[in-house]
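What follows is a set of structures for review.
There are two complexes below, and they share subunit A, which is joined by subunit B in the first and by subunit C in the second.
Up next is the complex of A and B:
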């Protein structure tokens, strides 16, 4: 067989949308645009309320390279600010999590203090002290003139803390989610949840490739665990459902955990109103995943670091009211599949690592197929197509032709 | 140190280092032969992010057997792990029937796959650091592991692994 290049192989009878151009996963300019046009505009879950359970607790995070701090005030309200001192732009709090009840070397208890010049702020972001302000700034600047940049913040959908950098965000979070969470609403909102697991991975791959993996189940062929516990008529009858704003969920089926050698039925431990051994999946634009499976809720949050690098934070959650025994069981169930030593997660991460290696900046552009049509059933790739329809709206680019080359080519042919 | 205690320390030392060699080789059967039938194995870490102690993996000896027998059915990174262990302390009970040991551990990954095997293979990267907290049952000259807790300092494990640590 003669060698063929990517242009000579038969082009499948696919419509645009059934494939994307691999440069959407590798181009630096597209990545930079995504940060400005998408990540700085939409709601992003940054942590869970159980990570800041007490007054003066804090958690630091970031969106689109902007450092963020989430604090719980003495009034019990959770607020989010840019984690940046308004004086000289120093990162205000350096730790990943903690509590402000104890004073820091530069500052007093119950205050956020910039270690650099000891400017201090209360839990509402007000500046409450500037050392020797009068001497240095006279009347030109007082502590009332400065404060932390407050960000819009909501606690919702199982107690996750959502933040947006967009002061003029058009939709409240509930509207933005457009009902994607309704399938698990009673399970996650009847009583408080609590994070019991956290780990992160930095992978040399594009963030959308991780979201693609979470948005298609065809890759279950890769998972021995999922093949033996699923792959029956009920599994293949699961359907993808699209929602506004690029979100998708996948309905449930009864997982046959007992078919796995190390398997254990999740029948005795679930969530409020959630039938045993079920598995719902919610994929939220532009890259968050909520996976309620059996006895544990998993949440993935992506932080894109570059066109070919992403940090993924993995959380496992149970009920805050769990007995010690139940919590232990949830942890074992969660980590047997999804922990860093679990059976499935390693395989998923190998998958996108391999994609990242073949789609580096400057790689030969190629078509990445999203073209399985199976009436929205489980192996239909409609979830990815739904995502990229939304992506196209925000980016003003066609993911199948992101550089507008096909259009230009057609124009040229018409002119000839 | 009396002779009997010294013999126990030697037995514990031998088991810890031999276990490292078996684990390095992927000789799971021989590793499990160093473990008592009641053995419990766990991998734990403290997360300053969520301010909680976490259990990343927890199995008994039988489950470890199933886990390792299953490996050929799983898609795994092909890079072998190599352990560098230093036993810091061995404490022997008064009756010399049990002992505990704390071992400092660094685990390296000898790249076979890496990101792009053409480029990365042959390179060695630090995979994790941590400690073994082991408990032993002493029978004659033999020290069997009855409990192994792998306590990780490293929490960014990226791709993770299917292999025992």
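Up next is the complex of A and C:
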């Protein structure tokens, strides 16, 4: 059929579920609801334990626009808190990362200090000093009455640090992941991992468009490298597998790195118990990606900033015990595919920035197709559909008809 | 106990606080009038290094971080302070400041409670 007017274009060619309404990617109210109903409720990885290796190391980040600080205490425990002073609500620590052993011009050694009025907190979030407390508060308020807002925190799945803003989260992290990590468990949990690559990008696109891209392989047509090293019988036999709570993984095949004209086999370096040149992909609800490809583990953490803006943090990891030579090899392998100047990452980003450009807040609503069915094989879009089934549960909205207006519109068309 | 040379008396101008190494640790020397005193370098409140934070005005030495103060010659607390300074016996001899040192004097700071708090949310 030729080009269509808007009304014709909106007529579903598919069953609901095989397409979504573009407003789930662009509507401000839906975005705000996602922060409240999803991002403030579930487990989110915020960084890796190797980024806070020493006592008093810290790292700051945010979940659903709430500032978060993660610190390693002198007892070696990693704890997470809201990065907010209980006095006047100021952000407590301004730096992205650092160590509290050294005092700051407005802070004291071994404490978190609010520079505003010098309230002091220890690594367990206890308030240990309020300057001139008795003079101002008499006995009405003491340091025992205040403290940092502690958050649930677990170190798990290859040493990532996970936090949830939900004190009453129903499932422990292990249960919530529902086995999605089992395919790479021995590879990432046999010995400690270490982050060797970090960069972040702020992209004008919706966070789910990034997760969609990570959840479907049909777009390998965009990736020259993946086509020449991958498109073979074994590749087309890869399958998507859904887990509870919206998680998906894609099983492995043997990548033919040598087929790329600038490439070479990567069979000499892998992870514990992990055969060489394999490639597993784990997509975790609501938007995190773990990608073990031969000699490097990549992790994408999304921080949604608005309906059409997302910060993505990209980490590359190897083994903490790597020799200098092996580490260098991992870095080269990682960067050649996933570095900012790699063969693959920027192509994915071109995909979602193109979608972001066409799905800005207020853009004409349209259908986005998620309708490839192919027995869960590699180009089946079941990964995205599995995600949106979960999304729908949390949101109480149908992604194909998020404003609940389709029945009305179909009725209208029938009348014409 | 042994008397140790810390510095030359000319190294410390009036109403200043200077840090010096002795053996394998540090001390501070303060001068008020013609008198010298040798103290451990840290503020007994929050482990600040007093050579960076202390101000001497009149007979009072004050840590500028949270305004704990002491008598500069006796180390006795004044104002907001809640602990005295520890001090080394001090004398001036042949133009040198000497301190009688048996071992490094250290303050005990509030230890973090070591409760196992894994069940914080349970």
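Points to keep in mind about this one:
By our rule, the second predicted complex is superposed on the first by the 397 of 416 C-alpha atoms of A that agree within 3 Å, B and C clash if a C-alpha of one lies under 4 Å from a C-alpha of the other, contacts with A are read in each partner's own complex, and residues count from 1 in each chain.
The rule is short, and it goes like this: a residue touches a chain if its C-beta (ideal position, glycine included) is under 8 Å from a C-beta of that chain, and two chains touch if they have at least 3 such contacts.
It should be emphasised that the depicted structure is a prediction, and the values quoted were computed from it without experimental measurement.
Partners subunit B and subunit C fit side by side in the overlay (superposition on subunit A).
Panel annotation: after superposition on the shared chain A, the angle at the CA centre of subunit A between subunit B and subunit C (CA centres) reads 80 degrees, nearest 10.
Residue contacts after overlaying the shared chain place A:175 against neither subunit B nor subunit C.
When the two complexes are overlaid on their common chain A, residue A:406 makes contact with neither subunit B nor subunit C. Of the two partner chains placed around the shared chain by superposition, subunit B is the only one that A:202 touches, whereas subunit C remains out of contact.
Of the two partner chains placed by superposition, only subunit C is touched by A:122; subunit B is not. Residue contacts after overlaying the shared chain place A:341 against subunit B, while subunit C stays out of touching range.
Of the two partner chains placed by the overlay, neither subunit B nor subunit C lies in contact with A:389. By the document's definition of touching, neither partner reaches A:186: not subunit B, not subunit C. When the two complexes are overlaid on their common chain A, residue A:321 makes contact with neither subunit B nor subunit C. More residues of subunit A lie in contact with B than with the other chain of the pair subunit B and subunit C. Smallest inter-chain Cα distance, subunit B versus subunit C, after superposition on the shared chain: 25 Å.
No residue of subunit A touches both subunit B in one complex and subunit C in the other.
Residues 43, 45, 47-52, 54-59, 63, 66-67, 69-70, 73-77, 113, 115-116, 155-162, 165 of subunit B are the ones that touch subunit A when the two sit in their complex.
Touching subunit B in their complex are the following residues of subunit A: 50-51, 59, 95-98, 195-204, 222, 224, 261-262, 315, 328, 331-332, 335-336, 339-343, 345-347, 349-350, 353, 356-357. Chain contact summary for the complex, subunit C toward subunit A: residues 45-49, 65-67, 80, 110, 112-114, 117, 120-121. Interface residues of subunit A facing subunit C in the complex, by the touch rule stated above, are 73-75, 103, 108-111, 118, 120, 122-124, 126, 128-129, 131-132, 150, 152, 167.
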